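The letters A, B, C and D name the chains in turn, as written, and every chain counts its residues from 1.
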Amino acid sequence: MNPLTGVVPPVCTPLTPDREIDVHSLLRLVDHLVDAGVQGLFVLGSTSEAAFLTDRQRRLVVETVALHVGGKLPVLAGVIDMTTPRVLDQVARVTAAGADAVVATAPFYASTHPAEIARHYRLIAAGSPVPVIAYDIPAAVHTKLPADLVLKLAAEGVLAGLKDSSGDLAGFREVVTGARTHPDISDFSVLTGSELFVDAALALGADGAVPGLANVDPHGYVRLDRLSRAGDRHRARAEQERLCALFGMVRAGDPARMGGSSSALGAFKAALHLRGVIDCPATAHPQVPLGPEEIERVGKFLATAGLL
Amino acid sequence: MNPLTGVVPPVCTPLTPDREIDVHSLLRLVDHLVDAGVQGLFVLGSTSEAAFLTDRQRRLVVETVALHVGGKLPVLAGVIDMTTPRVLDQVARVTAAGADAVVATAPFYASTHPAEIARHYRLIAAGSPVPVIAYDIPAAVHTKLPADLVLKLAAEGVLAGLKDSSGDLAGFREVVTGARTHPDISDFSVLTGSELFVDAALALGADGAVPGLANVDPHGYVRLDRLSRAGDRHRARAEQERLCALFGMVRAGDPARMGGSSSALGAFKAALHLRGVIDCPATAHPQVPLGPEEIERVGKFLATAGLL
Amino acid sequence: MNPLTGVVPPVCTPLTPDREIDVHSLLRLVDHLVDAGVQGLFVLGSTSEAAFLTDRQRRLVVETVALHVGGKLPVLAGVIDMTTPRVLDQVARVTAAGADAVVATAPFYASTHPAEIARHYRLIAAGSPVPVIAYDIPAAVHTKLPADLVLKLAAEGVLAGLKDSSGDLAGFREVVTGARTHPDISDFSVLTGSELFVDAALALGADGAVPGLANVDPHGYVRLDRLSRAGDRHRARAEQERLCALFGMVRAGDPARMGGSSSALGAFKAALHLRGVIDCPATAHPQVPLGPEEIERVGKFLATAGLL
Amino acid sequence: MNPLTGVVPPVCTPLTPDREIDVHSLLRLVDHLVDAGVQGLFVLGSTSEAAFLTDRQRRLVVETVALHVGGKLPVLAGVIDMTTPRVLDQVARVTAAGADAVVATAPFYASTHPAEIARHYRLIAAGSPVPVIAYDIPAAVHTKLPADLVLKLAAEGVLAGLKDSSGDLAGFREVVTGARTHPDISDFSVLTGSELFVDAALALGADGAVPGLANVDPHGYVRLDRLSRAGDRHRARAEQERLCALFGMVRAGDPARMGGSSSALGAFKAALHLRGVIDCPATAHPQVPLGPEEIERVGKFLATAGLL
């Protein structure tokens, strides 16, 4: 992991029709990703519906994936919970189940102050047997991790990396550049969570990407990563634009009937189902399932991208 | 509970210096509240630091309180978690531990749509052996429960009550008036979570109040409730204004050092410690503790209110 | 004005079909309000569509109304603009046209800091020949005026009153109580902008109300004010509840076709047109007009309230 | 203008100590920019403190700059105002004064719906003698222009370009790619308002940039633009990183004393003063001026960047 680079998909969590973990589909999905050349797996992230999984289900996911990949590539696990004591419980669970690193957001539900966020990460790092990666996702936790705080915690050795799902490329760049130039920071992974500007993030120095859409088209993102590293900016941009068009599937769900999460995660799972990777496209409660017309729309995106 | 009325404090969770549940202090706090005449207890709410307690700690709190009050007054328990499957796990835990009703927020972390919020409550009610009360707390979950949705779920028998911590008296009134006039709604409890306009809420028809400050001064809120019910508006207003001044303690913490939760919950616990009710004023991680000067400020509020 | 009390409607601005000021309708509307017993008029507020009127139109409105009422009751004029220099230009215009007081929001468009808001009001007061009333309307300007800042500026003599359209009754109460007890504050008017809890605001000590719906039913709000002052809380509450039901008209517009302002202001004007007070229900550009079915809905609200 | 490309600085508005337009300094600033090779000038934008200038001052700025450049390069003028009728008044003023194009935000103060934003731009275009450029600045107007709406209005011929100050590179890319591939869109300028990822924006196909920091270092941004167009990504990135470091000056102001606008605009003007371009670093009311230590901090940024 020194540092983690390349494509690290946030692995979807296939469910059975009665909303239990579909272990067989999960294993097929992992193979689908690993065979495409991804360089790590991130389970129990937002795209994995971690917020919707019970602790028992979360543990089963980590155990299943860690056992299956058997150390061939690193398995990062989200420890999504509200505050330090609860996150530490999640850390204990996922590391017992085999996670190689944990990915933790700022506290949520309770309002937070930068001093409290710093305490949070210091306490998590002190209690975690594996490296801690910060997860910046203001759409979910309603706090933006300040770049200077991330760099300070990186310099202290508290954080081993950042997964940035904020959409704020300027703040992301501040971390990338700061991590490169800071005398006390080394082996710090800066990963973008964006599907839509991986080319730009890599061009400005990011180590890798954690795009949810890589579940659907891992080969595309691996190609994009390789083209970017080879300096072939024109073909990288063309690949990125193809993936941007494919990403349009996240709007397949009718906004009068469902929220953005139901639509986006429903589309990813419908696409995986249509591509034959998973058995059932169900998403967790209380998300609203896509209807037949909405699934047809997902199919058209796949067809246009040459994936059907 | 048909319906719940009066003062129902959200019970603080006393901690030991090493952040374990201080059972003896918790029992003393419960006695302090019950002796003052409160009509129910709400454990594991936001004021209880539920977002900071592990599942083991949450269970211990409910067991301790439910066993202690032994059915003499209803014990409501928060089931604060992100989404339906996780909330249902919390429901199973707190009802096994003796809760008489559960209090559930809208989903959080994942973005939500009214249709998803409705599904959420319907599934919780279907899976709960005890009545479900909706908890409207947009500052924490970043969604406001729409009044018409609350009324619809009340009419369906999904919800048994509402705890409104939104600060939006107009929306609250819409539920109060709607619940009174709707042909399919009966025995629905509408409770304000405000410390600062309990008199107004009761005057417009609320059933009761769940003020965090009632931990510190339960006699004051019980008096306010009785004066309001007796129609003695002038003395009710004077009592309310005294409590508003006392509430100023929530700003005791320096905003340059800590967030609003650290300051407010720290002040309530410092006040309970200064009044001799609990042994230790510690708040859960990663909240920042009040310093000596800040605690002194809390003491002055108590002195001014005649509580020391 | 020492201080202003009672019902002070934010006067709608009737327009012709080609969106010019309809002076005759404006005069009829003013008579409709004055005859009902209101105690002041607030022109160029948000309900007046001030944000949609050109400076020429704004001046015409103030001149028309000030000349017509001829000092019989105070005419307050909004000076809605982004920052201090532009607001001072508006102050010069509306006072030249006869305004007795100006009503100014916090700066908007540019982000603001409490220190900048304080400077803003101090400079406006220094440059205004008439008293300055603060207008707290976070939905429009995206800043909440802090209660302690309002009280400080009141004590300095910078502000002569507050119109609070924030919906935050707790903060409003802090100003009401603070203004009553502060040794350096006298004759300071605290007015609620709410339509929906005027009874509660008056009960806790507000001086008056500035409800947009008072355009449609001024007699109702004047009655409510008198009942409240007479201490007849039961009839006051019943009157308030009738007005709350009437206020439902603001949702007449289809939210798929238009924003909340188009719907609410369109409903008020449609109601005034249906009641025969104004000639044309047009709202200013780019607001979307109500369609026939939506206007029919407004009519039903009027009928239910006994106003047709 | 077919279409506008390259660096188009949003020109600061130098003020005298008594906050009048400093025409001589403005002319020197324009020469400083034009001599560096910029390809257009954007006056009356947010960086120009348009929100703080009276209509008289705004007119003087446009007249001064338009007359001075005499058609050698295009002069775009902001028409920052709340709603359609007021913006149309601004359009009349700035085009009478010589503006070659107008730059208009979504409506603000009143809440807006996409249908209202579309009406707004259609009415402005119908009433403007010069091309209309959309200005996407959610931090100021609290609405994000949806990419599909911008593209629709571009295809209709309503909009001639977009200045995107949203910080959202993914949405920006959607417009860039959409404008390139849409059959009905041609000569549409997509300009980023970012200082911090101009290299990325140009790499993904943007036509140009409107960075406020280009006031301070126009040569840097012109160099960055040329390196990017020449495909010299390594040197472009190095230049961009130098400019990112320089941009740190926007945090020179103490956040306990002032808001972000006071700090950023104060720093740009202090830098222009220190570089000898303008006579006085004053910003408009109610912004808080930088103090001596804060100005010293700005000087250090200039020194580090080799600009002193």
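Quick notes
Everything below uses one rule, namely that contacts are C-beta pairs under 8 Å (C-beta built on N, C-alpha and C of every residue); 3 or more make two chains touch, one makes a residue touch a chain.
A quick map from chain label to UniProt name: A, B, C, D = Dihydrodipicolinate synthase.
None of these values were measured; they are calculated from a predicted model.
Following the contact convention of this document, no chain is adjacent to both subunit A (Dihydrodipicolinate synthase) and subunit B (Dihydrodipicolinate synthase). The most distant chain from subunit C (Dihydrodipicolinate synthase), with centres taken as the mean of CA atoms, is A. Taking the mean of the C-alpha atoms as each chain's centre, subunit B (Dihydrodipicolinate synthase) and subunit C (Dihydrodipicolinate synthase) sit 35 Å apart.
One inter-chain figure worth recording: subunit B (Dihydrodipicolinate synthase) and subunit D (Dihydrodipicolinate synthase) are separated by 49 Å, centre to centre, where each centre is the mean of the chain's CA atoms.
Multi-chain contact residues of subunit B (Dihydrodipicolinate synthase), defined as those touching 2 or more other chains: none present. Counting only pairs that meet the touch rule, the chains in contact are A-B, A-D, B-C, C-D.
Against subunit C (Dihydrodipicolinate synthase), in their complex, subunit D (Dihydrodipicolinate synthase) makes its touches with residues 19, 46, 51-55, 57, 80, 82-86, 89, 107-113, 115-117, 119-120, 123, 139-142, 257-262, 284-288. Those residues of subunit D (Dihydrodipicolinate synthase) whose C-beta lies close enough to touch subunit A (Dihydrodipicolinate synthase) in the complex are 167-170, 173-174, 177, 194, 196-197, 199-200, 203-204, 231, 233, 237, 241, 244.
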